[in-house]
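One chain, chain A, appears in both complexes that follow, with chain B as partner in the first and chain C in the second.
Our next item is the complex of A and B:
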């Protein structure tokens, strides 16, 4: 009897071990598979785009088909302007709304904001483009960087709002009480205590938002339209990096295909550079405050 | 009865340097009582009840807070001590479900009356919390936070307030050379004294302390208790504490709180000079509690 039980338990033990090994292997495999696309994309863009990268690419305007050289400085400047506009529109609204929602989480307005944010983040970007076309381009009778900025800010808004709200909720309530007990009104408490304490997460949210909109092409087709020349007037059409990639990539010319890869590399590097800079600033600030 | 007297006498003695005789402590207690008689009430709670939704947390509290004295609130966990304390500077208002009935007078004005400015109430009635909660800012900015709220921007003026407040909180000598360093780098006891300095910087009249030493080691606790004695000269102090020895050591008046039988609502069962509460409690429950026969 004892022998039988022991044999059975040994068999069960083996089965358990094998199951464990198989499951561990599967999860490990899935992890590797999930990492591959990132590495693949980065390497491919580096190799394909790196071949034609030159200093001129950052400083010169595009050249016509067949003419060698030239760059995408108009698109770099255009993207910078568009993203800046998107930030100007979305960050103050997003942060203020998040402050309200985190201080009054279960009120009608607070709940509505969360619902609206979720829905907004699910709306396809091209639909946002059509919306911006209707409310900005049509009344102005012209495509413009402004319209592009509005479209991008709408896409960016949910990310900024949601992450800021989540990060504000993570700040210990004791800090809020300390400030209020000194007689600070709720809004000053949020701006001077809660927001600085949550800054790291808020900046991360903003960076995620920027990374997302910096790569949007679809809504810009209907709003900022694109421009082969340098433009810094926000009431006029303006070029953008993702859109330039699209135009170069769908054209039937070999040298434009190469330029599409190089532009992709530039876009990727700029977004990455912005992210790294933001992280460094946060690390520096944390060290200054002795937060480790 | 003898046991409770022993607790009181021994703790009083401990608080005196060089452990003097019983006669000495009686003499001091007698002097204190004379002084107590002369003081006026800084705050008064009149028939105060606090509700959270339909739940009644406090029943019909009547309590006087004498000026320039330390009033301790003792009692078992969950009997509403913190709720009572937080009703004195309207911190309960932060809970949207909280409702306060009755009057809380600060210098004979009801702080819950319509039109009373809650910001002004909280400036005049400061608060120190159970766990030290300095802002993640520099030591200087922590203390200057309050004055800046009230519009003081002159560097010289802020410097003066920071130095005075830190000195009053017995922290200046330890931090005067590192005012720009993060407050979070200080020890727990130093952080708590910084929080006291931060509260003092807005020139409050009353300071509420919610178990200010419960998260600290015995030496840091002693420093906070000494500090309270010094502060009581200028301010009026109300302290909530779990620690009966602490109440006996530091306070002039003690209020004993309990849950009313058969409910989950707290009430004050006895209130009087600390000496009387600890040596001749009138309420059976107080005596049971302070002699350790209860919860």
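Our next item is the complex of A and C:
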């Protein structure tokens, strides 16, 4: 009898051990499975896009179908203008709102602000595009870079606000108290002591925000519309890199597909570069503050 | 007046100004409050604009807009059901596929990976979220579909074709392709949030379970996951929210076809992709209004999901005492 029980329990123990090993192994496998697409995409964009990369690609306007050469300078300039507009609108508001959030976290407005930031970061970008269409394109009776900039700034706003707020929270309270005890008013303490102390963090937040909006195409289709010529007038339609990728990709021409890959290489370099730099700064900063 | 008198007068003025303005604090507080208010106002304005600009369509079709299937701009008949179905089907399938993988990643990163591997691996998974949507679409369309999705679809259609979900014939661009791309895109969201949930579970819970003789997997499965369940559910819902609103990648791989069958192997259409495809071609106000109403539905859906998810995640964060966090 005891022998049977012991044999059974040994068998069950073995089953539990095996389950343990298999399941723990599967979690590692899941991590590998998730990273494969990233490497696949990055390598493919590098190889496919790299074939047609040239100096002209950054300096020339697009050529018609079948005509070799040409570049996407209009989209590069367009993206730069759109991202600049987004920064002009979202950075001051985002930083000021973050100062409010860190100074008054539990007032009614502070709680509403936190909730609004959460909601904003969850709203689909295409819906933000519709909003910008109704408030900028409809009154102006024209698609414009300005409308695109408004849409992108709303998408960027929660990233800037939340990162700034979190970085302000990381600044030691003693710094703030020291400034106040020296007789500096609140505003001077916020702008001249707290913000500079959190500056690296704020800059990384802005970089992450830029990386996010630089890759957005959906809201631009309804707002800045796209333009196959060079344009620097913000009241007119303008081209952008992600939108150019879309247009080239869904067109039925082989040479446009090649250009889509090269444009994707340019965009990916920009976006991933910003992202990696920002994340490295965050890691480095946390380490410096001893937060591991 | 002497120079000294001028200086005195100026400093007096400054002092008085300082007293009135709280040494600059009142105007500053006003400005930051205004910025905070503006952020809140933007959210309200988005809801209001979508509501008021979809009036034509809401009045013309009422609530049956949401469950009729005719989308015919020529006949001026609009019903959004095919798009709603497409969005729900692709997003839910993506979540079903992404949850086990994301939980695996979260467990691996929070519990198992050696210290030196955690950071770089977490970094790589998070980079998945940084790849622009349109690049996912490009890759999906020309690399992923021919290499993987089409063979899988052909296989499913041949062997499981009798199930309506996998009814053939198999196409390249399809709902399945959209779901698979969405799966990749929402893995970073779900895994990052649930990793934080696992990290927030107090160490004593693990120690108690291990001390009772449970294996590490039994500890994870029977202690950690139940403990953090509402937080994990919140993570899943955040992922679902991302999938519902995803536009470019889905538009490029789903085939944009008003197909009313249930089959995941057929091309379909989603709410976001019909907006981006038809918005600038909407030639009369009712058409545009119908598209904006789809946007309104999408807004309402993601708003509700986000609310629910935040409540769940907050709940966990509140329950865990500060010092218990690792």
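Assume the second predicted complex is superposed on the first by the 246 of 292 C-alpha atoms of A that agree within 3 Å, B and C clash if a C-alpha of one lies under 4 Å from a C-alpha of the other, contacts with A are read in each partner's own complex, and residues count from 1 in each chain.
The working rule: contacts are C-beta pairs under 8 Å (C-beta built on N, C-alpha and C of every residue); 3 or more make two chains touch, one makes a residue touch a chain.
Values in this document were obtained by computation on a predicted structure and should not be read as measured data.
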Using the superposition on chain A described above, determine whether A:140 touches chain B (first), chain C (second), both, or neither. neither
Please work out whether A:109 is in contact with chain B alone, chain C alone, both, or neither, and reply first, second, both or neither. second
Between chain B and chain C, more residues of chain A are touched by C
Kindly classify A:185 by the partners it touches after superposition: chain B alone (first), chain C alone (second), both, or neither? both
According to the stated criteria, A:7 is in contact with first (chain B), second (chain C), both, or neither; which is it? neither
Under the stated touch criterion, which partner chain does A:130 make contact with: chain B (first), chain C (second), both, or neither? second
With the two structures laid over each other on chain A, which partner does A:196 touch: chain B (first), chain C (second), both, or neither? first
Overlap the chain B and chain C contact sets on chain A and report the shared residues. 185, 188
Which part of chain B faces chain A closely enough to touch in the complex? 89, 91, 94, 119-123, 126-127, 129, 131, 133-138, 145-146, 149-150, 181-182, 184-185, 195, 198-199, 202
Please name which positions on chain C make contact with chain A in the complex. 22-25, 27-29, 31-40, 42-43, 45-46, 49-50, 53, 100-105, 107-109, 112-113, 119, 121, 123-128, 130-139, 141-144, 184, 187, 191, 215-218, 220-221, 238, 241-242, 244-248, 252, 272, 275-276, 279-280, 291-292, 295, 298-299, 302-303, 305-307, 310
Of chain A, residues touching chain B in the complex: 172, 174-175, 177-185, 188, 192-193, 196-197, 288-291
Of all residues in chain A, those that touch chain C in their complex: 16-17, 19-20, 23-24, 26-31, 33-35, 37-38, 40-41, 44-45, 92-93, 96-97, 99-101, 103, 109-110, 112-113, 115-120, 122-131, 133-135, 154, 157, 161, 185-188, 190, 211-212, 214-218, 221-222, 225, 242-243, 245-246, 249-250, 257, 260-261, 264, 267-268, 271-272, 275-276, 279, 283
